[in-house]
Amino acid sequence: MDESIIDFQRRNRVGVIEAIWGEHKSIEQISKILGKYQLASETALVTRLTKEKGEKLISEFPSAEFHEISGCLTMGRGKEYISSFEEVIILTGGTSDLSVALEAEISLNLHGIKTKLFIDIGVAGLHRLLERLEEIKSSKVVIACAGMEGALPTVLAGLIPQPIIGLPVSVGYGISSGGKTALEGMLASCAPGLVVVNIDNGYGAAMAALRIMSS
Amino acid sequence: MDESIIDFQRRNRVGVIEAIWGEHKSIEQISKILGKYQLASETALVTRLTKEKGEKLISEFPSAEFHEISGCLTMGRGKEYISSFEEVIILTGGTSDLSVALEAEISLNLHGIKTKLFIDIGVAGLHRLLERLEEIKSSKVVIACAGMEGALPTVLAGLIPQPIIGLPVSVGYGISSGGKTALEGMLASCAPGLVVVNIDNGYGAAMAALRIMSS
Amino acid sequence: MDESIIDFQRRNRVGVIEAIWGEHKSIEQISKILGKYQLASETALVTRLTKEKGEKLISEFPSAEFHEISGCLTMGRGKEYISSFEEVIILTGGTSDLSVALEAEISLNLHGIKTKLFIDIGVAGLHRLLERLEEIKSSKVVIACAGMEGALPTVLAGLIPQPIIGLPVSVGYGISSGGKTALEGMLASCAPGLVVVNIDNGYGAAMAALRIMSS
Amino acid sequence: MDESIIDFQRRNRVGVIEAIWGEHKSIEQISKILGKYQLASETALVTRLTKEKGEKLISEFPSAEFHEISGCLTMGRGKEYISSFEEVIILTGGTSDLSVALEAEISLNLHGIKTKLFIDIGVAGLHRLLERLEEIKSSKVVIACAGMEGALPTVLAGLIPQPIIGLPVSVGYGISSGGKTALEGMLASCAPGLVVVNIDNGYGAAMAALRIMSS
Amino acid sequence: MDESIIDFQRRNRVGVIEAIWGEHKSIEQISKILGKYQLASETALVTRLTKEKGEKLISEFPSAEFHEISGCLTMGRGKEYISSFEEVIILTGGTSDLSVALEAEISLNLHGIKTKLFIDIGVAGLHRLLERLEEIKSSKVVIACAGMEGALPTVLAGLIPQPIIGLPVSVGYGISSGGKTALEGMLASCAPGLVVVNIDNGYGAAMAALRIMSS
Amino acid sequence: MDESIIDFQRRNRVGVIEAIWGEHKSIEQISKILGKYQLASETALVTRLTKEKGEKLISEFPSAEFHEISGCLTMGRGKEYISSFEEVIILTGGTSDLSVALEAEISLNLHGIKTKLFIDIGVAGLHRLLERLEEIKSSKVVIACAGMEGALPTVLAGLIPQPIIGLPVSVGYGISSGGKTALEGMLASCAPGLVVVNIDNGYGAAMAALRIMSS
Amino acid sequence: MDESIIDFQRRNRVGVIEAIWGEHKSIEQISKILGKYQLASETALVTRLTKEKGEKLISEFPSAEFHEISGCLTMGRGKEYISSFEEVIILTGGTSDLSVALEAEISLNLHGIKTKLFIDIGVAGLHRLLERLEEIKSSKVVIACAGMEGALPTVLAGLIPQPIIGLPVSVGYGISSGGKTALEGMLASCAPGLVVVNIDNGYGAAMAALRIMSS
Amino acid sequence: MDESIIDFQRRNRVGVIEAIWGEHKSIEQISKILGKYQLASETALVTRLTKEKGEKLISEFPSAEFHEISGCLTMGRGKEYISSFEEVIILTGGTSDLSVALEAEISLNLHGIKTKLFIDIGVAGLHRLLERLEEIKSSKVVIACAGMEGALPTVLAGLIPQPIIGLPVSVGYGISSGGKTALEGMLASCAPGLVVVNIDNGYGAAMAALRIMSS
């Protein structure tokens, strides 16, 4: 049975390279899909791969690249960089949020958007955020990752006028395990104009930034 | 006791007229705040007012205007329209979503952004959405309101490349009462790049659109 | 201790081959039950088996067949096909939903109902759905599988007059992990007359279709 | 502003008279919609009206009829009865479930389907259910309303082979208040082939029965 | 560090052998505790042991007995049987509920209460319940185990006048996974006088029966 | 339409006077039901009546008695007291729990069971509980009402060997509003053999005590 | 029936004037309790009174004082101020949080603790917080009220070394309505050493501050 | 990429050694961070390490110490003990809560605070608590760990005047699994002045005690 029919037209319609979601697919299923991409000379992005899946796939598709921390696999050439300037800034509260932040970064880079990643910007150490405020203000869009209570995008949205995409991360324990507290905290934010995507959805935050950049 | 200190600097810093949230404040509290705005000749926007509160306030502040369906009160001059073109399109699934859609519209108009409102665009009657697709595509940002299962922004995000802000509405009953199903459906969307704000947060969706327009 | 007493009369009373739910039973327990079915020359259907369990069981019961993707085991002859026509159409949004869709298909086939499976029909790529609408309309019952936000059955129910059974799938992450968002989105649907079964309940959706076919 | 555009074509496409949901609409909004129906000589069904709203509307539209217990208003001629036989049987566990059961009944009658209503059929008094089993078995479709723990459809589905639509009712208190326990109990049912609609969705259950009758 | 101080007086005060909960304790911790019991010649009951833990412990304490299906370990003599008659009847809906039912049975037997276990009594096959009703009625207390929608105790409570303890079981999937639907269904029961214990709490249900037997 | 058929046989079968649940019924519906009870000379118990409903009903049925604090109405003679001794002790943590405690008391008295009510026994003032421990120990069954964190039954179950029925009360605010925290705290209790009924279910707790008394 | 027995010894034992919780008590019940306090010449604090209840009670007890915004009633002399210095600082994010902040302030003042209240200190306007940081640092304990996403205590805990009590407020809408998001955000805080009380529990936060002041 | 920038100034600002949260970090990531601490001669505390991670890290950092039961690693000298007296008492209900209690103890010891740990103090065996009450009263701060229903801090707060920090533990099953019932029970407590931290947050409870000790 041929389980997948690829819709290459959608990327023309909506302008995005649709990610292949690797988590609930077997290596065989992903391999079949990648084969079709290769045949069509299309750029592919697979997300949420374990190290084991990723390594098996790059042994099968030598032109592909596996990004271990983010669990992403890319195959084929990304788009040309539109600008030499880092238009999207991605902020994370710590090394635990890194994989999600990198999924966003890889997704944007593949679509020709340069990015800058600031690690260890969290609300518990406010001065680090304040020190970098001018640099952050120079960007066009900000993606703010946060787990735990997810307060970073709220604090940020009171300080800068840019579009800010809150990206909740499933880092936490007890009441905050799974990232739901971070998500709800961002939605409930008292700061006006903050928008939010699903927990751990680095690719989604990137595509939202792309839509904004293109508008 | 003087209960409120207005932070007029924030609108310079972040560029937005911060809404006064009317729901949990007494008429006396709102009246005191509006008095300070009047004194400072600042434009004010109060949201989530009952008809009773709204009417009492405009009898006290004759220069204010009360928008009954949306529960919004505006006082003072809004910003000049930046463009003669309706850059933000607001879609609703039915008359029940209207108050939230109008809160978004009034908030944008006050900030100098022209808007267009399409009523009765819902996924159960797909052809009406398809008929207006070209017009929707001409906008810069789309705000898609939906209660119930909240599928409208998902369907839309597969059809157009613009930034789409999903605005869940607390219309529903049983499992969907309070708007949480619509919110979660939008967050869970399989369409890439959709962003979401809190349930019924028309003002927040508008301010997000404003941030995007200004970026 | 003899732990299970098989109720073969129920299939006469209600007309269904009751599935043996394999997930919370040990291989020993399932094996004992299958032994009784074999003795009584009754057709058996076991669902939710891991590959390991499935393979051990077919080595014990050589007449049984194990369907790996769906985790189903069938033993004995199914009913004769009632019609040469595919009366039930099963739609899935992607390869990740396949195992649940196949559980529904195997269950229906075993009861003498022919089925047709459409893969990669999702709301994010609306045109694929619209292209197949006429074929879908020719069926008697539609089973629409969906994970994530679960919007497919809603969109479908606005387009066709047939009975549509929404089958939510536990594919998702963050807010949609476990399939609850898909389930609630289907229940909250603004499209009239959509019915829903439990998450991942392919067998249940099939039995609902069977009841409808027989009514 | 003309807030509503009626989609009379949908009833041709899907074959149902779409209900006007009265709960979150003002009398003025409903009145405008009904006016358009009257003009087009179309049959209208409004659900979830309070007594006050219902009475004001029939004073405005004398040809309309208000059904107080169910909160439904009908205007215009329903379809001709297709059959002289009561093809759909509606069961309720008690007088508290009556309004939801009647919403289903009125909706079906309007579409030309005869119904029979059995009151006070609950699982706590099993013998009453067993006494009427033969009569229930003679129907084509059964709609089983239940609040509290919602066990009635489960018990029924083990006894009869027909399509059974579980209709959870928001009657209950403590853990069962709002009907969520009844809904989840029906979804979790161990009886194969039971389908479920949203809490209190009498109209939706009726439309599901209609789809089944027409298939 | 001596991590545990055993309170042997409590069993005099309240009359129960307090179970040692094995799930969140290491083998070393349980072993230390059992050592103290052995020294004091006290009867011990450990619950929720994996096969691996259980087997290691009986190799260390040869006088102990490990009951694999229920995950219980008993050491030392139980109380003399108070009566030659099976005063407590335990009902289960299927082999998947067996481990919890056996935890209840072992706990009661250890306290000198004879029990009878009926397997495969579920609401989907009502006739099996009705066939055994007279025998069930002869008991003093009934413990009714159920997963999924948990309707068995409700149906039973409408048929017999004895104390019935609802014991929800964490068997299920989707909406019913973890046993919460069964628990809530029992609490919401429309049948008067049903009492409930925590999910999978076979020991707790047994101790409740013991309290009733002793009152 | 005659909406209710009274099942007087159930009280013979199960031995309880089934309460008429007044909350979701109109005065007209309750009045019709009470009329049938009067005709059959049967004792009636209506629960969850507002003051307004209760007073209208006793003006219609002068032989009935309305108990304002508990919202209960009784009509007809209760059973003879079985014993001159107060066999069931009902404990409450404060005046806010009183209505639920009284519903339990009235229900038991009507069935011929004497009760004793201890007010203001809560865990925050442990000494009051300890002072009355001997008297509490002399009872056959204890019903322990508690809102907030619901710790009273847990503490009690460690001190006395009798059957204890935990009765959670919907008194609380914030996290404990609606009584769910009290309910879950009782179910999660570390004290063995505690059983629980639904929130505010005074009648249910009484019927559980009755079943125990009769066993 | 005398429904309440006052435990005046507890205030000696634990050192606090226990609040009488007014929300779920009738005026008659509160009046009886206050009468006993008056007789014993004890200071009383009643919380969560509506304006109507409060005014009726002060007309009955002229020595009592009703604080309308906070819904508190005090009767009798509070303790002497321990210090002339405002040892506890209470911060609120806006006028909507005021009633809860004032409940905390009144409770502390009554126990002889001076307080200072800072209004309109929220994370969306960070500079106002930073401007007052030195003054806040001079206190012994800080109570930080916040609704919405509840980020204020988190930001604060990264800036000052004092004990900080997070007091979530039931101000919000959509996902944050009822204050649960604020509560969970505070519990999930990435800032070390933040403690939390129940939503709207101004009295509880005050008593926690009192315990700290006395330790 | 250098993923972490250590903020050693924060410990001066707020006075705490910030824990490195080991759960969502790889050994490589933790190792890099510890290297920087070693270089800066700063004391480090890593929490939530598996045995495997802990052992690998001490083989790399021989000066570090791994505390297996608590999953904590400490490196470098802690602060001098401020007092020879055990100022903080930590209570646990059983050996299953031990790891969380030890995380609190190690964290306090590292900051120069002596502690005393009482094991097996639970509400089901009240006399053990009462026997040690005098000793508990002699402390400055009490940390009360509890899983299941979490009643221990509530009972304690009615008996002693000190600050009590409720520390919910993720020990439980069914309704109490994950520790949420314990957390909510503590928040809902009827005892005034109890404060709470996140589930399993031993380090957080310790830092709260430290803030109190320093105030």
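The first chain written gets the first letter, and so on, giving A, B, C, D, E, F, G and H; residue counts start at 1 in each chain.
What we mean here is this: contacts are C-beta pairs under 8 Å (C-beta built on N, C-alpha and C of every residue); 3 or more make two chains touch, one makes a residue touch a chain.
Just so it is clear, the model here is predicted, and its values are computed rather than measured.
Chains touching both chain B and chain G: A. Shared contact partners of chain D and chain H, listed by label: E, F.
One copy, chain E, sits rotated relative to the other, chain F; on C-alpha atoms the angle is 180 degrees to the nearest 5.
Per-chain CA centroids place chain C at a distance of 34 Å from chain E. For the pair chain B and chain E, the distance between C-alpha centroids works out to 56 Å.
Taking the mean of the C-alpha atoms as each chain's centre, chain G and chain H sit 27 Å apart. The set of chain D residues that touch two or more partner chains comprises 10, 124-125, 157-159, 174-176, 183, 187-189, 192, 198. Checking each pair of chains for touch leaves A-B, A-C, A-G, A-H, B-C, B-D, B-G, C-D, C-E, D-E, D-F, E-F, E-H, F-G, F-H, G-H. Touching chain C in their complex are the following residues of chain D: 10, 13-16, 18-19, 140-141, 157-165, 183, 187-189, 192-198, 203-204, 206-208, 210-212, 214-215. By the touch rule above, chain F contacts chain D in their complex via residues 3-5, 7, 9-10, 21, 23-25, 29, 33, 48, 168, 170, 178-180, 183, 198-201.
For chain D in complex with chain E, the residues that touch the partner chain are 93, 122-126, 147-151, 154-155, 157-159, 172, 174-176, 181-182, 184-192. By the touch rule above, chain D contacts chain F in their complex via residues 94-96, 98, 119-120, 124-125, 127-128, 171, 173-177.
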